[in-house]
């Protein structure tokens, strides 16, 4: 198990490759298109209010808005604000700045954006001139792509924006799994025997999912077992040696339930239900606390187990 | 349809500010065992949980949690991708049908595994808000500013809320024990670090029972006399941030008036003040967050359920007769649930 | 089961691989508005909203009902979000019906959806933590071994899956909302497509769709005022079991049997094949039709494939399954369960159009999810229960 990593080194990243592809529909799309042209527009509701940013519906009633788009601002009034003395990684500015709700002139609702009020040292207190009621204007980007970021930020009036989806985590597998992987790092397959159903659960979870009771009795299982059922996969996977590859449920000898694993060392079309298999371990010097230590399971030169004896494990 | 339904057991973890290396099910299993032992129940008529995939960084976080329950023979079960207070609401509705008489509710979250404020950015409108990268604390601070300016409340008043919450939290064995608020540095102004609920890992479970079953299994059941939840528009620019209209309606429907104890799921100091106003609790006779509240322990997806559990515990232990538990979800108190409990048995 | 609950409105979007013409709010509002129109109601008539969808990673928005709340007319109202994996569309309808049956509300809007085109289904379903100990490659990779086990146990001939794939796609040609429409679909065509996860062929799998499905559920009082004929809920049931444990039957899970027994008991049904007129059952891979025929008690063990082979489940058979074309023809994952429930309601209302089963009076809606471990079912009828 890798030691606890700091935030700087996540061991798990949730990031959809290439970014989400978000269709925006006609109303949001119009707003963003106008933004790209350097204009700020709102949409009028049936009751006559102008919503900025526009939505497809009146947020109070749920009714459709009218199709009438109204150019607003671009100047507007700050209705409230907060101050970020130490900007975080995803923030739009890398020096202290304000978040503000800005009601553009001619609009009845406010738009959220960053407000740049000048250069400050990290950790600075909010400047005194930063106030609700302050008049502000957008700072447009020269290159605009049709996103809320086409406005770089707002700035005070007188003196002077593909979705980010990367989240970083430091995950721990839990005590039971940690112990299981510790075993794997020493070439041992560990399970727990449930005190109620007396079956061996592998990998163990510290409890029996069926009986809902804690399990502690450790049992070492051999690395041999029987294929109960399997799929022949024709879709490539980085974890598999080649296409086609076989993913199989293997019932380790002595285990109460099967594990899903790779089977190799035999042509895919010769894998059978009931086939006896043994773990193929990576060279000892490559072992780490990971299931990756077992490359796959390979056929043993033993007779197949009759289906009747394994059918209750499928 | 009316039916007497009560909270009859509550258990929570000793919440932690750091990742203690436990998997979610390892956190959860002992407290499920605890409520089973407290009630003597092994099976429940219905089970409902609350959790969030984004906290774990992977889909289906609730699926493995089921392993902690002992779902065999198969159980009647549901899950909300919300704070478990809403799971309790779903279970309450299910009990109203009259054909079952017990329900298990649980929620769990490990906020320590990622950067919670950035994760919460993913909850925002993906066209106008999330692309800005605004985080949950920055948004809350906007609401705080708006509230301070409208109400004339000061930053010192916020500090007082934090001080009282932390003091109470130090007397609660399950909460984090946090020091007196100090320092002048802002987190996101006008909020200082102590105005922001701490990152917390934890889980909680509640058992509900109806009528005579509740009386049989619990000496002093906490009867649910009213429960309601409401939402309001999402965008912070289209609503009055200085008031919580959704909490006001939910409080009115649930009958919040006249409670002795209120456990409010305020994740920022100013939220407590906004909620007290919305629920009509600003008179001063109501004990607010005697547990220390979310400002002392805020395990995401369980913290709202814990408020209901704490409010019920004050009835179970006989120290109060009428209490309130509140849960919140979404940016700037967008969605609110109010549950009013009573020790008076009209059965 | 408390107060009576009626389905007075059904609305669906067109299901497509990419609905690039709408935002998420636009997609949901398209289905919701059609359901409201069917019920003769407006947004303000709705008391509460219940939303369901599968994992948030599909669209990359955490708890998206938060930002969609007002787009669904929920300002000042209760809104809830259900998530029970692939069964979620069914569970969501059951939670919404529960609000009526518990006497809490008069009119509830329920909606389930997925906009899979915003990312990629295989990615969103199988983001693995660094400690993963098993190897699953997509949903097909998970279910293929169980299908193989079914074939071995039942002795079903290899071509049964092909028959289901053809039958459901033929039905889809009659459904204006269906995603996959393959004119001239035939056994030869299905058998000419490659094995993705043997024994599953390409045309034996469900597509990835964008789409939403909505219903308006109502109390008996409110149903009286509805302009069109309602359907009535005769029973609902949910069951869950752990994914892996010693002694689990993954081919015919106990949870499915128990949920079916429960919902039949509520509806007073002892012989589902005879007493139900049609069924919309969650069949994402063709072989799940014979597997669920057995699990749901439409026939004895190892007999399901014989019903399929004999044409009993065809639109003109004695117990039509998936007259809409089913999940094999449209699969916005989070919505797929609700589509089954809603199509069952349309059948008993007599409003299923070209795929109407003549004279249908009682129908089953079914959904399952996870490792075939979460089940949600309802039975609806044209008469009050």
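Letters A, B and C name the chains as they come in the text, with residue numbers starting at 1 for each one.
As a working rule, contacts are C-beta pairs under 8 Å (C-beta built on N, C-alpha and C of every residue); 3 or more make two chains touch, one makes a residue touch a chain.
Just so we're on the same page, UniProt names per chain: A = DNA-binding protein; B = Lipid-transfer protein; C = Thiolase domain-containing protein.
Note that this is a predicted model, so its numbers are computed, not measured.
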Which chain's mean C-alpha position is nearest the mean C-alpha position of the whole protein set?
-> A
Taking mean CA positions as centres, which chain lies farthest from chain B (Lipid-transfer protein)?
-> C
Distance in whole angstrom between the CA centres of chain B (Lipid-transfer protein) and chain C is 32
What whole-number Å value describes the gap between the mean CA coordinates of chain A (DNA-binding protein) and chain B (Lipid-transfer protein)?
-> 24
So chain B (Lipid-transfer protein) residues touching two or more other chains come to 54, 56-58, 66-67, 71-72, 119, 122, 126-127, 129-130, 233-235, 238
Mark out which residues of chain C touch at least two other chains, giving numbers and ranges.
-> 23-24, 57, 59-60, 70, 74-75, 124, 127, 129, 242-243, 245
Mind pulling the residue numbers of chain A (DNA-binding protein) that touch at least two other chains?
-> 12, 14, 20, 22, 24, 28, 55, 59-60, 163, 165, 171, 173, 177, 208-210
Listed in rising order, chain C residues that touch chain A (DNA-binding protein) in their complex are 18-26, 29, 42-44, 57, 59-60, 70-75, 115, 117-120, 123-124, 127, 129-138, 140-141, 144-146, 148-149, 152-153, 194-200, 242-251
In the complex, chain A (DNA-binding protein) residues that touch chain C = 2, 11-12, 14, 16-17, 20-29, 55-57, 59-64, 163, 165, 171, 173, 177, 180-181, 194, 197, 199-201, 203, 208-210, 228-235, 237, 239-240, 244, 247-249, 256-262, 268, 273, 291, 307, 311-312, 314
What residues of chain C sit close enough to touch chain B (Lipid-transfer protein) in their complex?
-> 1-3, 23-24, 54-57, 59-63, 66-70, 74-85, 91, 94-95, 98-99, 101-104, 124-129, 237-243, 245, 253-255, 258-259, 262, 370-371, 373-375
What residues of chain A (DNA-binding protein) sit close enough to touch chain B (Lipid-transfer protein) in their complex?
-> 4, 7, 12, 14, 20, 22, 24, 28, 32, 51-53, 55, 59-60, 79-85, 88-92, 99-101, 103, 109-114, 123, 125-126, 132, 147-149, 161, 163-165, 167-178, 205-214
For the chain B (Lipid-transfer protein) and chain A (DNA-binding protein) complex, residues of the former touching the latter = 19, 21-26, 29, 32-33, 54, 56-58, 66-72, 113-115, 117-119, 121-122, 126-135, 138-146, 149, 185-191, 233-239, 241
